[in-house]
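Next come two complexes, and both contain subunit A; in the first it sits with subunit B, in the second with subunit C.
Our next item is the complex of A and B:
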C-alpha cells in the first residue's frame, strides 16, 4: 500500500458497470413494457416469430433487469462506495484492479450469453434461475471474483471499522453465493438418460416438493440478497452523503442488519402457501414474513429520520427526492409482502396479478429509483462534470412516479378482481366464471399497466440521456463536491 | 421420537436461541456505549468524511498504538 499525496480513488471498474447498468436497464425495461402490452393486446405476440412470444420474452425481462441492470448497479455502486468508506483506492493494488476488470469482462460475456440462450429457448425453467449449467459455472466465477475484490479491499483498508453499507454488501455476496449453489445443483439430461438427452439441458438434483422448496428458498432470497440487501447498502451510503447528514441511528442500522439476516432466510416458503409443502413450513413462512416488517422498517425509518431537520432538501435536491421516495416504496413493499403472506389473504392473492403488482412497487419504486439516484450521485465524482440537467431529473422523477403508481394500483385491482372471480360460486356451489371471463374483465387494467411501462421506460431514457450528456458535454468541475451533487 | 418431531423441536429451540442472541446484542450495543467502551454513532461519519486523505473515523488503530505505548 503506497502513501502519496496524488493518490485518488480509481473509478475505472465503477464506470464500466455504470455503462452496463444503463444498457441493461433500458433493454430489460423495454422488454418488460412489450410483454405488458402483449398481455393487453395478444396480437403483439406474433411480431418476431418464436423469439417474440411472451413465454420467450418474460424470462428474458426478469433476468435482464435482475442480473443485467440491478447486479450491474450493485457492482458499480460497490466499486464506487467501498473504496470511499474503506478509504482505500483500487489504484493501490494492481491485483485488485485486474480482478475488477476481469470480473467485468466475464460478466459481459455471461450477460450476453444469458440473453442469447434465453432467446433461443435454452432454459432450466426454474424462475430467476433459468440460466443453464455452463452459465451457472460462469456466474460462480464472476461472483468469486467479486468476493476477491471485496475482501481484498477490506484487507488493505485504512478505515478500521466497516461502515454499515459494507456489511450489507458482504451479506449480498455471501447470501447469493450460498443459495445460488444449492438451487443450481443440476445434471445434464444427457448423463441421466444414457446419452439420449441433451448436454445443454439439465434437470435439478432435487425432485418434486423438495425442488420447489429449494427453488423458493433461492427465489425469495434472490429478492432478499439482490433486491434488498445491496440496495439498503446503497441508501445507507448515498442518502447520508448526498444530504450531508450522518445516519440517524447507527445502532438501529446494526440491529436492523442482524434482524434482516435472521428473519429473511426463513420467509421463502410463503411462495408455496396452499401447495404440497408441509403445513408447518407454510406457517413458518407466514410468521417470518410478518416479523420481517420490523427489520425492513428499521432501515427505512432510519433513512427517513436521517433527513430530520433537513426536509427542505426534499424540495431543493431531486436526488434526495428519489432516495426518500425509494425508502417510502421500500416501506410500502415490505408491508404489502407480509400481508400477502398471511394464509387467508394469500388464498385470494396467490397466482393473481397482485403478486407482480407487489414486486413492481418494490423494484420500480425502490430498487431502480435507488440505483438511478446512486449513479446520478456518482456521475459528477467519476466524470468530474456536473449533472447535465436538473430539470430533466425532476421531469423524470414525476413521470416515473406516476408510472409506478399506475402499475401497482392497476395490478391491485386486477389481482383482487381475479382472485374473487376465481373463487366465486353460485348457490349450488358451481364456479360462476370461466377463466376467459376474468381475462375480459382485466383488459383495461392490463392496458393501464402497459401505459405505466411506457412511462417508466420514457423516464429511464431521460435518465440515460442525462447520464450520457453528463459524461460527455456537461460543465467540468474544478473540485469534487463534498455533499450535494452539482447540477445545471 | 421420529425425525419430523426432532426437526420441529430443533427448529423451535433454534428460533428461541437466536431471539435471545438478537436481544442480547441490543443490550450489548447500548450497554457498551453507556459504559463508554464504544461509540457507534460516530461511525455514521464514515460516509460523510470519506476522502482518501481524511483521518479514519475509527480510532481502533490509535487505541492499539496507545496500548503499545503504555506497554513499553
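Our next item is the complex of A and C:
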C-alpha cells in the first residue's frame, strides 16, 4: 500500500446483485404465493392461459427464488464481504472489476432466459436443474466468472488467513460446480439426429434409477451448497459484524465446516427411500442425514453463543433478531430433515406436503431471513445512508415470522394427514379412502398456506421499500458505522 | 495444521473438493451398470409416446404426479405392483417426481382409458368431482412436436443403444418417411376420442398434444409386456 489511508472498498458489483436479489425475491415469492393459492382455489389456474397453470409455474417459482433471489443474495454478500475479509478492494484490479460486471450482465441474461424458457415449458424436469442445455452452458460461464473473481481476490489479498466465511464461499463454488456439471450431462438431440426438431431439446446421459441417483445427489446438495453453505458464510460474517461480538469458538467452526463438507453429500439418497435404488444406499442416506445434525447444529450453536452476554441486543436491534431467528430456524429445519429421513417416517412423509413444509421453514426462516438481514447490514455501508425505518423492519420481522409459522404448521398437519389417509385400511384390510378424499381434506391447510404466502410477500415488499428508501432518500452518514447499523 | 491450510487457498480448495467428492464416488458409481438393465419384455417408447412424454414434461405433470410405486400394501392395492428398477431403463430423464398432489401414474395405463383421459384433460372435475387439477384445454389445440420426439428416438438409439428398429435414422428425409407410422398410431387414439377438432386435426396430419399425451399415459404400466407379443 502506498498510503496509510483506510481501504476504500468498491461496492459496484455488490450493489448490482442487491438490486436483482430484491427484484427476483419479489417475483419468485409472488409466484409462490399464487401457486399456493391455486391449490386452495383452482380457478386461479386460468389467469394466464396455458402459461398460468400450477404445473407450469411451480418450477418457475423454485428456479426464480433459488437462482434469482438466493444466488443474487449470495453474489451480493460475497462481493461485499470478500473484499473486507481479504482486505483488498475490487477497485484495485481492473480485470476483476471487469469480471464482476461481466458476470452480472451474463447472469441477468441467464435469469431472463430461464424465466422465458420455463414459462414456455422448455425444461429437463430434473428438479432445480430444469434449465435446458444452452442455459446450462451459460450457467457454467457465469459460475466460472464467479470463481475467477473469487480466486482473483484471494490471489491479491493482504490478509493471509482466510476467514471462515471464505471457506464456505469456496465450498459453495466448488460444490455447485461439481454437482451441476455431473447432473446436467445431456445430449442435445438436434445434433445427433441430423438437424431434426428443436435445438433446445436434450436427453439425459443417465437413465432411470441412475438418473434419479445423480439427480438427488445434486438435488439434495443444491440445498447444501446454495441454501446452507453460502448462508452460513453470511451469518459468520454479518452476525459478528452487526453485534460487535467475536465468533464464539474457532474449534467449533472448524468441526462444523469439515463435518458439513464430509457428511452432507452422503445424505442425498434420503430423497429416494423406498424407491428402486439399492437398499444400502438408502440406509447410507438415512444414517448420514442423522449424523448431519452435528455439523449443522455446530454452526448454529456457535452463532447463538456468539451473542453470549449480549442478548440485550436482541431487543434493541431488529437485524440481530433476524439473524438469531434465522439460526434458530436453521436448527429446526436441520432437525426436521433427519427425522423425515428415517425410513419409517419417510414412508408417511414422502410425496406429501410435509416436504414443502420442511423446505420452507428452511428457506423462509433461514435463507431469506439471513439474506435480508445481510443486505440491510450492507445498505448503510454501501450507500452511505442510514436505514430508512427501524419500525418497518420490526413490523416486517413479526409479519414474516407469523407467515413462516403458519406455513410449516399447516403443511405439517396437511402432510401427516394425507400420509396417514393414503395407508388407512378398514377392518377387512381394504383401503379406506379414495385418492380424491385425501385431496379435498387438505383445503383448509392449503388456504392457510396461501395466507402465509400473502403475509410473507407483504413483509418482503416492506423490505424492498425500506431498501429503496435507504438507497435514495435516507439521512446521509458522514462516516462508516463500525458495528450496529444505524437506522431511523 | 488447519491454520496452515487456511493460509493456502489452493490446498484448502483441493481438500474441500476431495472431501465432498468422496461420497459421490462411493455411493453413486457402483450402481451404474446394474441399474441400467431393462426388465424382461420392456420396449422403448414409440415416437408418438415420446412426444407425449415431452408434453408430460413441458406441462410439468411431474409437479404433482409421481411414477414410483413404493413396496407397501397400501400402494400396491391402490396403484398395482411396486415399481422395479429395470422398468425405468429407457427413461431419460427419470420421471419419478417428488410430490403426489395427484395420484401416482406409473401403471395408469392399466386402469384408465383414452376416453377417460380425454374427459379428464378437458375438465378434470367431470370425472373426478372435487379435483383441484387444472383443465388442460390448450392441449386439444396445440400441435405436438413430433420432429423433436423423432430426434430423441434417433439420439437414444445411436448414442445409448436403445433398441429401436432400422427405420429410425438421422435426417429430415428419414423423419418424413417415418411420419406416416406416427400418424397411424395417433389415428388409433383419436378414433377412441369424441372431440371433433382433434379427429379432424389428426386426419389432416397434425397431432394435437392431447393425443400424444394419451398415447404416453396408456403406455405406462403396459409397455413392459408388449415386446414379448
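Note that in this section the second predicted complex is superposed on the first by the 475 of 488 C-alpha atoms of A that agree within 3 Å, B and C clash if a C-alpha of one lies under 4 Å from a C-alpha of the other, contacts with A are read in each partner's own complex, and residues count from 1 in each chain.
Convention: a contact is a pair of C-beta atoms (placed from the backbone, for glycine too) under 8 Å apart; a residue touches a chain by one contact, two chains touch by 3 or more.
No experiment lies behind these values; they were computed from the predicted model shown.
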| item | value |
| --- | --- |
| Fit or clash - subunit C, subunit B, common subunit A | fit |
| First, second, both or neither for A:19, with subunit B first and subunit C second | neither |
| Partner chain(s) touched by A:160 [first = subunit B, second = subunit C, both, neither] | both |
| Partner chain in contact with A:122 - subunit B first, subunit C second, else both or neither | second |
| Subunit B versus subunit C as contact partner of A:284, first or second or both or neither | both |
| Subunit B versus subunit C as contact partner of A:244, first or second or both or neither | first |
| Partner contacting more residues of subunit A (subunit B vs subunit C) | C |
| First (subunit B), second (subunit C), both or neither touched by A:255 | first |
| Touched partner set for A:425, first subunit B, second subunit C, both or neither | second |
| Which superposed partner A:208 touches (first subunit B, second subunit C, both, neither) | second |
| Partner chain(s) touched by A:133 [first = subunit B, second = subunit C, both, neither] | neither |
| Minimum C-alpha spacing, chains overlaid - subunit B and subunit C, in Å | 5 |
| Intersection of the subunit A residues that touch subunit B with those that touch subunit C | 160-161, 254, 258, 262, 284 |
| Complex contact set, residues of subunit A against subunit B | 5, 7-9, 83-85, 87-89, 158-161, 163-165, 236-237, 240-241, 244, 246-247, 249-251, 254-255, 258-259, 262, 280, 284, 483 |
| Complex contact set, residues of subunit C against subunit A | 2-3, 6-7, 9, 12-13, 16-17, 19-24, 27-28, 31-32, 35-36, 54, 57-64, 66, 68, 70-75, 77-78, 83-85, 87-103, 128-136, 138, 142, 145, 147-152, 154-156, 158-160, 170-172, 174-175 |
| Residue ranges of subunit A touching subunit C (in the complex, touch as defined) | 38-39, 42, 45-46, 49-50, 53-56, 58-59, 121-127, 151, 154, 160-162, 167, 170-171, 174-175, 178, 182, 187, 189-190, 192-198, 201, 203-204, 206-215, 217, 254, 258, 261-262, 264-266, 268-269, 271, 274-278, 281, 284, 288, 347, 350-353, 355-356, 422-425, 429-431, 435-436, 439-440 |
| Residues of subunit B that touch subunit A when the two form their complex | 8, 11, 18, 22, 25-26, 29-30, 33, 40-48, 50-54, 56-58, 60-61 |
